[in-house]
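Notes follow the structure.
Just so it is clear, A, B, C and D label the chains in written order, and each chain counts residues from 1 on its own.
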């Protein structure tokens, strides 16, 4: 019988952190050995015997947390934002001194969302037209959503690489805004509706056919299967991985 | 056994007209007594014994066609555009001199589209949020579509009458166009995609729930059930009716 | 300025009841004067000055609760199940003795769901084909859902009354279950999927077109706008009303 | 400048064949050198200088056609059904004698459909629940569709290989057929609706999220981009390839 993974959660009192605490506790192959809040000392990770660390804290503390983990040979799964190129570079350097240790930094742990973006980019090379609709609750302040912008950029890059022409569009007479925003040439439409959470639809069209890839996020719980998958695989991926798709077997 | 309706089609050589000819011929309760092209004299309607006329011609000739029909006591079902307030007024005056005759002028004969607009307007009073997405083939030159603009206007009027507040929207940071066009305060998004024909989706949202009313038009054939329904009911609706919804029992 | 409605909630400790307590407290035109649990005496309604009662209790106690309310001239909005024909008959008799009092008994307070069913029944007369898909979380024990069965029955009744032929179906070779369950001749398909809550889609098809009416219930909160609408209108509908659609202006 | 591909179409008088003739003629990088009907001799392929053959004939003649092409060093793209294991084996043997020649046999040339199936199988490993809905016109005699059965089998195989548990289902009380047909443990629902052509939706659900992959086929034209892609790539894939997905770069 295989031993359980000894997992510590940093940021355990936050919204995401408390979900992670519950998810790790519920996972049969894991043991929660520590759940740290803002003021708890990192040394607790060592005394508790953590081998895996989930960081769901804030941009100000995430880098120090992850460096501490790596310096003590612990693998880390990181959902905190704020990892710019400089921080990633420093972390990659550090990981070279600890060759068996793995770190996963992911802006998005919802498996469905990660898969939807990857599939959309793959498919976008084969269709004449592609547009994107994202739908969120009306309290959201930015439009389009960050995920939609990233997906549109991935799609645009895949089409550029494959030499696909821009999506055809004969519009000559339009009300301002009707055709949406353009992100690298991809039209993106943002719907805001009470009752919704976070939803995204990529529409691909060719002669006589349409392919639609839609992701619905109903609840923060949607991130937890991705966090658990990260924990189970991070030791098998030494070094730095950015993006959960690096762990998904999309190429089988 | 009831007699068959004696129907003549004007504009029989056009795309819509030829569909109508086929639809009337296939209807068991109708007989096609005449199918006139551009150069055929209207007197043929009389000699052929037409009691019902379907006008699917062009804006330049539709008024004369319909007046001829009314003057000869024939009921008319009209799908041609170009009927402005002045023309409608003249026709209403004429119909007063022929009290048993009915005329239906409908910008849209697709039953599903007419029902979708009517339902959307009814429902819009009960939801905090409403937005509209219309999707068409990429050869369309205008955005939003005329049907979408009309639907948005109906929705806005229904909400104004019921005293509903505008749909909430916290957006403060948006790419130009992301939130669509505004028609009387209703956000409308226009997608253009190869492979599509004509599609429209009204999204209504309230706390914890969403109502979606979608219409897909795949083919010009979608207009024919509405034309046949118009023919079957026009004699029972003497005078002028504008819009197929006037014949649908939406209030049972 | 109009006075606030004095509302009492029965079953206030339950899942629905506690949502109702919060919704009434948040409504600017209402005042919560009592929130009763299982063991609280009904006399509290009188001493608290309740004029409106929301009953969200259990089948065993709902009849006594509503009778108490009516006998004291309080209007009642009832979401509890268990009201069979016998109970409804007794209640109607009682209401005749209190002609100014209104009672609304509704199996479903989600406005979107009630509207979707009503629209589906209206539209079903005009389309050759109609089928129903309902989608729920996988912990649900019955299939199809009660709402789907009721919607299918409404659709079947509307088609029968209008003399519409059964939906065409050339299937001669099918795996068992592929074509779904039949409810009064309407095909109903039940999907069970982790992540979902309660969703229903009515598909109507005619030559070249499709009309889709979909309702998504993401959260119990979706019932509260219907409860509040019931409270605001119950005094204007004296006597017994069954079904929230009786209060919706679907026939304007 | 690269030379044009010299293409012959077999079965040119059929529905698919005539579409292929038009598509090849419209492609700027191809030249149609022959379009053969049932009674035309295969030797015409040689005299016309065909280097590529599209076979869209009937099961009775497809094997002889393809063997003739291979024996003359022509690459072949085949959309005809009837290629069982025995025929495929014989063809593979023949191709060993002509090592530079490529043959693509594909049951489905709609790029969107092929991509949808591939994506569904990839994603099915990561979700707790998966079900399938296919929707077709009501003149279809079999349910579920062949494509739906194949997609369900691919999904089931991918889940079995990854050790995923069956989709959860607490149903204990169901009307017959409500939960659909089971194909290798995957629930499949078949909708038949006037107005539709061929549509398929794979629903994948996990805690708090849903991924939906939908393909709509509106028109036979949807097969042509796949046929052209096959022609452009078949020379670069010597030997036998079964399934268009073998030519799609799904693993980049």
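Just so it is clear, contacts are C-beta pairs under 8 Å (C-beta built on N, C-alpha and C of every residue); 3 or more make two chains touch, one makes a residue touch a chain.
In UniProt terms the chains read A, B, C, D = 4-hydroxy-tetrahydrodipicolinate reductase.
Values in this document were obtained by computation on a predicted structure and should not be read as measured data.
Enquirer: Specify the chain most distant from chain D by Cα centroid.
Expert: C
Enquirer: Looking at chain pairs B-C and B-D, which one is connected by more C-beta pairs in contact?
Expert: B-C
Enquirer: Just how far, in Å, is the C-alpha centre of chain B from the one of chain A?
Expert: Those two chain centres are 46 Å apart.
Enquirer: When the centre of a chain is set as the mean of its C-alpha atoms, what distance in Å lies between chain B and chain C?
Expert: 33
Enquirer: If you average the Cα atoms of chain B and of chain D to get two centres, how far apart are those centres in Å?
Expert: Chain centroid spacing, chain B to chain D, equals 39 Å.
Enquirer: Residues of chain C that contact two or more other chains, please.
Expert: In chain C, the residues touching two or more other chains are 127, 195-196, 204, 206-210, 216, 218-219, 222.
Enquirer: Going by the contact rule at the top, pick out the chain C residues touching chain D in the complex.
Expert: Its residues touching chain D are 127-131, 133, 135, 138-144, 167-183, 187-196, 203-210.
Enquirer: Which part of chain B faces chain C closely enough to touch in the complex?
Expert: Per the stated touch rule, the residues are 110-113, 115-116, 119, 122-123, 125-127, 204, 206-225, 229, 248-252.
Enquirer: Within the complex, which stretch of chain C touches chain A?
Expert: 195-197, 216, 218-219, 222
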